[in-house]
Each structure stands twice: as C-alpha cells, then as structure tokens.
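Alright, structures below, take your time with them.
Both of the next two complexes hold subunit A, though its partner changes from subunit B to subunit C.
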Partner chain A sequence: MDEDVFLERDRGLSQDQRAELGLGALVFVVVALLLAMLAFVFHEAWPSFAHNGLGWFGGGGNVDRQIEAIFNSGEYKTAPVYTFHAWPLIWSTIVITVGAVAIAFVAALFIAVFMIEFAPAWLRRILEPVVRLLASVPSVIYGLAGVLVIVPLIGNHLITQSEKAAVTPTIQLSGASLLAAVLILTVMIAPIMIAVFADGLRAVPRGWLEGSLALGINEWRTFWKVAVRTARPVLVAGTVLATARALGEAIMVSMVSGGVGFAPNPVDGLIFFFEPSQPLAATIIRNTEGLGSPPMKHTLYAIAAVLLFSSAMLSAIGWAAKQPMRRYGVVP
Partner chain B sequence: MNVLFRAYNRLHPSIRFNYLPDGGNAGVQDVQAGRRLFSINTRPPLPSDAGTTYFKLWLDGLCIAVNPANTVSNLTIAQTKNIFTGVATNWGQGFGSNLTSTIDPIGRNSTAGLYTFFQQAVLGGATQSSNVQQVTSDGLVATAVSKDPNAIGYVGIAHTGKGSGVKSVDVNGVPCNQANIKTEHYPLFRYAWGVLPTSNPSKTVERFFDWVRTSKLAGQIINRGGAVAAFNKK
Partner chain C sequence: MSTTAASPVRRPNSSSVSWRLSDRLGLGLAWVLGLLFCAIAAAIVIYFLVEGIRYLRPNLLVTNPAAASSESQTGGFLDPLLGTVILGTMAMAIAVPVGVGIAVWLSEFGRPTGLARVAESAVEMLAGEPSVVLALFGAILFTVPALGFLSQTTHGVVLGQSFFAAAALLSLVGLPLVVASTREGLQAIPSHVREASYAVGKTKIATTRRVLLPAARPSMLTGTMLGLGRVISDTAIVLLLLGGTLTFQAANSTPVLGLLRGTGDTLTGYIYYNAPTGDGNQPSKAYAAAFVLMLFVLALNLGVDVVLGRSRTAVTWK
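Coming up: the complex of A and B.
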C-alpha cells in the first residue's frame, strides 16, 4: 500500500508535462542564443559606430580606401583607424535587393497562378519538384554560373568599347555589374517566392472560386480577384522571406557584382546597369581575411549588425502588413 | 602548408600540428604574445615584429597574367604600375599589344596578402585604382582573365600553368617561371617565412623548419603545391 503511494510520487510529472518542459527549455535556449548573438554582434560592432556616428551610413571618400586603411591600422602597435562611410555599400544593397525582389515578385506571382490554376496536371507534376529543387540550389553554384557565363556574356557582348572608355579609369565595365547581380539574384529568390505563393494559392477554399465561377465570371478574373486577393498575406510573407534572402546573399553577389565600393548612378543612363558595386553582405565575405586586424573586425561586425537590424525590421514589416488582413478572417 | 604537416606527421607520428590559418600578421602577433610556438608569414620582417626571428622557408612568385588573345609579351614594373593605378587605360598605349581596347585590370581585395605584396613590389605603396575589379581569390582572377580578352591580373605562379587559360607575361624581360624565381632573377618573388620567438624557440619546430627547408620530399611537396622550393636537395 505504502509502496504504491511512493511509486506514484516518484513518477512526479506526467509524460505530457515532461515533454512540455523539455520543449520549453529548448525554446528558451534558442531565444537565449539569439539574444546572446545579438548582444555579441552589437558589442563587437560598437567601436565602429562610436567613431563614425551617423556618418557611418553616409557617403564621403572612397570606401575601398577606407577599408584598406582600417585593415592596415590593425598592425602591431599602430593607432587604429575607424573612419568608414558605408553609403556606396548600402546603396548597392538597396538597388540590388529591390531590383531582384521586384522582378522576382511579378514573375513568381504569374508562375504560381499558372502552376496552381491553369497548368495541365502533367505539367504541374513536373513544375512543382523543379521549383522546389531550384529553391534549394546552393548560392555558390549560381555564383559560378554567373562568373563563367553571365558576366563574360555581358562584358563581351553587351558593353561597348566606347562605354568602357567613357568611364575608365574611374570604374571598369567588365560585366561584373548590377545587371548580373540582379539577374542571378532574381533567379535565386524567385523559386522561394513561387513555392510560398503556390502554397498560399492552393489553400484558398475551392468553394469560393466555384461560387464566383457559378456567377459566370471567367476563370482568369475569378482567380485574380478571389484567390490572389485571399492569398495576400502569403504574398507578403513570401516577399519578406525572399527579401531577407536577397539582403543576406553574400557569396554569389560577391562573385558577380564587381567588388568595388562604388555607388552606381542612375543618371548615367544605360551604363548604370553595367556599373560595378558591392553590397554589405559581400563586403563581409570579401574581407574575412582581415578579421585578424581588430579595427577591421569591428567594422565587419558593424556591417553585420546593420544587416541583422534590417532583417529584424523586415520581419516586423511583414508582421505589420499582415495585421489589417486578419480583420477579414484571412489567416495564412 | 597542411600537406607539409601531414607528410612530416607521417615521418614523425608523435608530432601533431595545430595550425590556424588566420593571416600572417595575426600569426606574428600570436608568436609575440607567446600564444603560439611558430607562425608562417609571406612578408619580410617589419620593425613591429620585435621579439621574433624569421627563417626563409620557400619562394613564391607573383605572375602578371593576360588573356592568350593579347599579344603583349613583356611589361616593365612601371608599366604594370601605370595599369593598376589607372594611369594607362588602353592597350594601344605602347604595350606592344595587338589590342587597342580599354584595359580591364583585375586584382585582389585590399585585405588579401597577395595584394599587400603587389602593392609593395609593384605599386610602390600606392593604392590600386578604382577601375581594378577586385575578386576574392587567385583562381577567380585567373578565371576572369581567361574570359576577357582585355583583362590583366596578378596571380601566384600556381595559377598560370597549362589549362589555366591565361598567359603570363615577362616582367622587366624575365619570364615568370620556377627557375627564374629560384635564382631571384624574376623581380616579383617573395619568401614564405617561418616565424619563431627569439627567446626559447621550440626545438621541435626548429627541426620541422629545417626539414621543410632542406629535405627532398618537402621540396617536391612545395613545388607541386605551386610554390618554389628554394634550398631543398634535388
């Protein structure tokens, strides 16, 4: 009798409670790790921000020379240099990301609509795995394709000698350009968008579409007005996900964007698309060799902090954009 | 480097290496601070390296590479400097080339060791011009040069062999090859240095450096790896 009571007591928590506690602890660890990472990155980044203030985000001087000076000041017993004006890198990040996301959004939306509603079943069976495969191709493969095919193609066939001569020696139009970066980045992020959009469109209740069709509205209009509208939160979610990927893409972009801290100028006309630049994430990848130099390390962490902050803002914007839609009972 | 460690480890199984490739300058600082027994550096000793002793281990050459479609065969250091500082921008400006197009110089980013060497040996301390396309490895320099008829780049000698798709030009009239680098006739050579603390260097590491410098096997490994054995037995 007494023994039974003891056994009950020894068991303590039920299986469900144990699972709950275990998973809760896991979530806690993940959140703690995330916070620790944020604290670490911002702590390492602080000297760079502290020395430059808001000028960090502004323009001024040649950013490549600044990086070189920062790197060289890491020598033993040298006063560290921190002067860094990242505008050309930030501008390049904005242009490449916005360009790629805009093109990919339009393309992905039409492809997803076609895939879900209009494609014959056999084509759909081929398209879906292909899109999923494309979404998981490592970025360095796209980078290699860019370096070996796209960049020489642009450099040798699209850019003319007179265009090259016009901008040298300020910059070199070699084919490694905004155009190459945007094109390849579009191909990289479009499959993610297609996959997310398609899932959202598929989840729209069939009855809603049939109701509209029964009223004599044609298939295209029905799908556009009912399905795509209903799926708006998913479109936002997919776009945010793709933007985050585009923003953080480093390897591929560093291989095809030209690697010069130059701010491409839209006033230059057509040449604008051929101008080289270097976004923030690619700057980190290119200069990892300089991590041994303390001021360089702080500067690279500052770039990382800006990227982290931007991604966090993106998630927040994605969340906020979905809020008004909840009122209509549309929950992704 | 790791191939050398493995080979030496096979000869002396009791010795294990724990090598952290984090840049030559960082390595010297670690030796100065006593955190490491030795380091490898590819630049000559500087005044800031006080408290360390440098040993020459082997040689490396920096070749100037152009596309095979370009007939230029010789460049002086001064001409190369003009190209990479943006002074000369057209192949028609007296380089003896068949091309009359804009020069596409391709280089390494400013934190690369090869860039530091190029800056000292060719640019005389000046910074490469903003029209130099910067890429992250020697292999990417060679690839870019092989794809663009107007390109010129600087790479380690390992990246100019058969199948690389690039042509190395003579510098000051001397071809960039192992023989000329070994005799130091080719102007753009550098030693890879082993760095030890001046006081109480590890005897084990000294023996390893001797083996790298003199043994036939180490010489073969160095040559195969794309560098040039300087003192090893044939």
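Coming up: the complex of A and C.
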C-alpha cells in the first residue's frame, strides 16, 4: 500500500515536471519570438538609419518627394537612395497623439469617477458595456465614419473659402486634418483609459473614503482627494497604454489625416487644426507596395523600428508606474 | 469589471445642494461627459446599422467582389466574409492554447523567476505593440525560404502572404487578452482549493486540468471573445500578410491547403478598399460590409456581457 502511494507520487512528480517543462518551453518560444521580432526589425531598418544618422529624425526637404525617390531608386534598379528626413511625420505623430491623449485623459478621468461613484445604478449598467463596445469597434469602421462624416463636416462647414484660398499654393484643406484625426482618436482611446482608470479607482479601500467622509468632507471632494490620488499610478499606466495605442493607430489615421507629408505649423493660428499631415504608422500603411523596393523596404522598417522602440518604452513606463500601487497593497 | 464589491460611498439621502460651487460644477461636468459618451456610442452604432440596412442586399452576401468602377458590377463580399471567419478561427486556434498555456505557467509554475518576469513583460509589451509593426515582422518571417511552404513561391521568391502567415501574426494580437483574462481567472481561485486537490493525491497538472481550468472557464471564454474581437477588427495585418486581394487566390488546386496557402481578404480589408480613400471607392459597399462587421462585434460584446453577468451570480469560493 505504502509502496503504491510512493510509486504513484514518483510517477506524478515526473508528470508534473514534464508539464512544467513543456509549458516553460512554450513560454520561452513566445519570448524568443518577440526578441526575434526586435532583432529582425532593427536589422532590416539599419541601412536607413546608417545612411541618415541623426538626420533621420530631423527635417529638411519634402518628405513625400524623398519617399518617392527612395521607392523609384529600388524600382528602377538605380543606385539606392536613402535620404530621408522624417520630422514632418514625427511631428504629426506627436501632435495627433498628444492632442488625443490630453483630451481623452480629462474626459476618461471624469467618466471613470462618474461611473464608479456618482452615476445612478441604471446609468452605470449602461456605461460599462458601452465602454467595452467603444473599445472593440474596429479602427477601419472609425476610419470609415471619419472619412464619410467628420471629414466632409470639417471641410464644408468649419473651413471657410478664404482659409482654403490662403494656403492653396502649399496644401489643400479638404477637411482631412489634424482636427479630424485627434477627435476620432480621442473616441478610440478614451474607452481604454476609462476601463483601466475604473479598475484602479475601484481597488481603493472603502475605509479610506469613509474616513474622509466622517470628517465632514463632501463625497465629490473625498473621491478626488482620496481615491483619485491613491489611483495616480493607475492613471499613469492607463494613459501610457492609451498613448501606445494612439501612436500605433495606422488605419483610421491614414484615412482621415490627409496623407501629406506636411508638418502643420502652430503659427498658422486656427488653420493649424485644419492642416493635413501623415503620422509614422499611417506612412507604413500607405506605402506597403514599397516593400518590393529594397531601399523603400529598409525605410519602412526604420519607421517600424521607431514605433516598436517607442511602444516598448511606453510599456516599460506603464509597468514601472504600477509598482507603487502594489507596494501599498492596493492591486487593481 | 464587477461592481458588486464596491458599494457607493454616497448615502441615499445626500444631496449636492450644500456643496461648494466648484464641486457641483465638477459633478455636472461628469454627468455631461458620461451622457455624451453614451450618446457617441449610440450615434456610431445607430449610424452604421441604419446605413447598413439601407445598402445591404442579400445578394451582397453570396456574390464575390470584382474590380469594376460601377456599383452594379463590383459584386458583394462573400469571400471577405468567409475570410474573416476562417482567419478568426485560425488565429484563435493558435492563440487560445498558447495563451492558456502561458497563463497556467505564469500563475501555477512561474520558475525560474527570471523567465517569468521576462515573459510577463513580453506579453505586456505585445499588447502595446502596433499591429502594423507586427505585420512588418510577419513580412520578414514568412518570406524566409524555409517557411515558403506556408505561402506561394514564384521564381524562387517566397511571397509571404497567406492565411497561415496572417493567422500566425493575428494570434499574437489576440494572445495578450487570452493570457491576461485566463490568468486573472486562475488567480481568483483561492489556494485552499488547490491544497484540497493535492490533499486527495492529485498531481499539480491534474489539479490544473480538472479543477483550476474548469473553474476559470468563464475567464477563458471572456479572453477568447475579447481576443477574437481584436483579431477580426485588425486591418494592417490583413493588408500586408493576407494580400487584401478581394477574392481568394488559392496557391494551387489542393482543396484546403491550397486555399490557406493562398491570399484572400477579410471584411476589414474590404471596407478599407471600398472607403473613399481606398482603391475601390464604393462607400455603399463599405457601409454594407461595416454593418456585417458591426454585427460580429456586437455579438461578441453581448457574449462577454452574458459571461460576465453569469460569473457574477455564479458560486463564489468561500
């Protein structure tokens, strides 16, 4: 009898070990695949970076013409051209991302606070599925709505003829603009932020809030001064996650941002918001046929490498930001 | 998102009349933004349902797309619709077993700790990676000659575009959601349940298979549906790795393998093609396809709501 148990345990241990090894190998393979992704993408990107140096990130010349020259040099088998100054694309990425994240942050914070604490029960039951739904609408559908509704709306009603005439020699104001991209991107990333913020706010111990209420401080102030403050790390983490999403959004932005390698100039005043541009991710999508032309391929991978690096950094920041919450035992 | 644990601090008979003006304004703003948010969601859903019903004809669902300039000749979207179904199934067929495996390892084994930390951050990084970058990675990976059998080879050059390639990369899009959800489900099971199973002589892996995974099934299901939603919504990977060729272009005449090694399209690729910014520019077709895609998304959302609602009322561990 005793022997039987021991035998069984022996066999069991080896079975467990086999399972552990198998699963561990699976995890290892997935991690290795990701590392391979980093290596492959940077390897393909290298010629473009090596040729341009830091000038890659700077401005100079017309970026659309540069892309054309790079593409043609590979297509017609002439000496490869690599000259590429991506600043207009980078600037467009920064403006659109920061604009959308800034608006979405304020809106998401208020909506999350409202959803967790102040909304009546019936509205809360509506808000939760709505957040999930808006987060799962495909970006191509947002893009379609943008290009068929928002862009014509801006082009026909918000931009005046004189404004269009004023900039005609340089660019066309059709409505495909910073404003359209920022507005739609805001709607796309706000649900992600709301979901993360709400989880963080919900994890704040009720006792801490009760303590503040007992001192006679009203509910609104209590919630902002205690719960929102405690959840600050989660606010950072959610914002970072949404920023990564905004940065990498290619499809919708390529449909509504205008597709011109132009750096919108804040000095232009109100017209700034109506100016077309093209962020990094959208540039890749719009030039996918260029993968057949070697110099263009390296340039596209260089853009991808910049996006890969930025979003990896954002993931790291998000991870680091969540640590303080764990430390004082509030885990969302 | 469960709200059962948190009962609002707000007492039933409290009113905001005695608050400072700034606090009352803040609460008002929260109301406005909350309602605005619902209104935007309703506007998007209603707009696409109305436009979809206006343009959707039954024959669109059974005819294939064709490249033409007039609306009557461009056909429907049978192949893209099937493409979405095939690709979603294939991607989740990879993502679910791998994702559950990773979640089980992270939650139940997790040694060596170094690998666990790396794996955890790798999955988190994957969740934040733009799909266009993943698509470009796939374009390198599947043009490697050794993987040529997964797509087509012409004159010694591997095309690298096929259902296999797209599904493999799309599974990486769905993977983080499956891992996160399953892991959450496993961690919600208290340790005494595991100890009870060990006490009656079950091995760790038997415990996982017979006790933990069945208990975590609602979470796995939620993760699968969220992942599937993300997979069928993706466009960049479809354009780069499936080819976006409107109809199925089988690699050879072998019944199933030939199709899967060939290129094709999905609803998202079809919408992108038919949007005013695309090459097709047939907005009415794009609306009709968007309507069908929205129905998929709404169904998946409803599924998640049902599972979450059920698990809320289900037995809780004491």
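One rule holds for everything that comes next: the second predicted complex is superposed on the first by the 298 of 332 C-alpha atoms of A that agree within 3 Å, B and C clash if a C-alpha of one lies under 4 Å from a C-alpha of the other, contacts with A are read in each partner's own complex, and residues count from 1 in each chain.
As a convention for this text, contacts are C-beta pairs under 8 Å (C-beta built on N, C-alpha and C of every residue); 3 or more make two chains touch, one makes a residue touch a chain.
In this text the structure is predicted, and so the values were computed from the model without any measurement.
Engineer: Following the superposition defined at the top, how do subunit B and subunit C come out on subunit A, clash or fit?
Structural biologist: Result for subunit B and subunit C: clash.
Engineer: Does subunit B (first) or subunit C (second) touch A:Leu209, or do both, or does neither?
Structural biologist: A:Leu209 sits against subunit C, while subunit B stays out of touch.
Engineer: Touching A:Leu183 in the superposition: subunit B (first), subunit C (second), both, neither?
Structural biologist: neither
Engineer: Figure out whether A:Ile285 sits in contact with subunit B (first) or subunit C (second), or with both, or with neither.
Structural biologist: A:Ile285 contacts both subunit B and subunit C.
Engineer: In the superposed arrangement, does A:Met255 touch subunit B (first), subunit C (second), both or neither?
Structural biologist: The answer is both, since A:Met255 touches subunit B and subunit C.
Engineer: Mind working out whether A:Ile154 is in touch with subunit B, subunit C, both or neither, as first, second, both or neither?
Structural biologist: After superposition on chain A, A:Ile154 lies in contact with neither partner.
Engineer: Looking at A:Glu44, would you say it contacts subunit B, subunit C, both, or neither? Reply first, second, both or neither.
Structural biologist: So A:Glu44 only meets subunit C here.
Engineer: Under the stated touch criterion, which partner chain does A:Lys164 make contact with: subunit B (first), subunit C (second), both, or neither?
Structural biologist: After superposing on A, A:Lys164 lies in contact with subunit B but is clear of subunit C.
Engineer: Thinking of the overlay built on chain A, is A:Ala104 touched by subunit B (first), by subunit C (second), by both, or by neither?
Structural biologist: Neither partner.
Engineer: Looking only at subunit A, is it subunit B or subunit C that touches more of its residues?
Structural biologist: Higher number of touched subunit A residues: C.
Engineer: Please pick the stretch of subunit C from 2-10, 182-190, 272-280 or 290-298 that overlaps subunit B when the two structures are superposed.
Structural biologist: Clashing stretch: 272-280.
Engineer: Once the two structures are superposed, pull the subunit A residues common to the subunit B and subunit C interfaces.
Structural biologist: Common to the two interfaces on subunit A: residues 147-148, 254-255, 259, 285, 288, 291.
Engineer: In the complex, go through subunit C and note every residue touching subunit A.
Structural biologist: Residue positions touching the partner: 1, 3, 5-10, 14, 16, 18-20, 23-24, 26-27, 29-31, 33-34, 37-38, 40-41, 44-45, 47-48, 98, 101-102, 104-106, 109, 111, 115, 118-119, 121-134, 136-137, 139-141, 172, 175, 201, 203-206, 208, 226, 229-230, 232-236, 239-240, 268, 271-272, 275-277, 283, 286-287, 290, 293-294, 297-298, 300-301, 304-305.
Engineer: Applying the document's contact rule, which stretches of subunit A touch subunit C when the two form their complex?
Structural biologist: 5, 8, 12-13, 15-16, 19-20, 23-24, 26-28, 30-31, 33-34, 36-37, 40-41, 44, 107, 110-111, 113-119, 123-124, 126-134, 136-141, 143-145, 147-149, 187, 190, 195, 198-199, 202, 206, 209-210, 213, 218-224, 241, 244-245, 247-251, 254-255, 259, 281, 284-285, 288, 291, 300-301, 304, 307-308, 311-312, 314-316, 318-319
Engineer: Could you pull out which subunit B residues touch subunit A in their complex?
Structural biologist: 22-23, 25-26, 28-29, 32, 46, 48-49, 86-87, 89-90, 101-106, 109-113, 127, 129-136, 140, 143-144, 147-149, 151
Engineer: Enumerate the contact residues on subunit A facing subunit B in the complex.
Structural biologist: So the residues of subunit A in touch with subunit B come to 62, 64-65, 67-68, 71, 74-78, 147-148, 151-152, 155-156, 161, 164-165, 167-172, 174-176, 254-255, 258-260, 262, 276, 285-293, 296.
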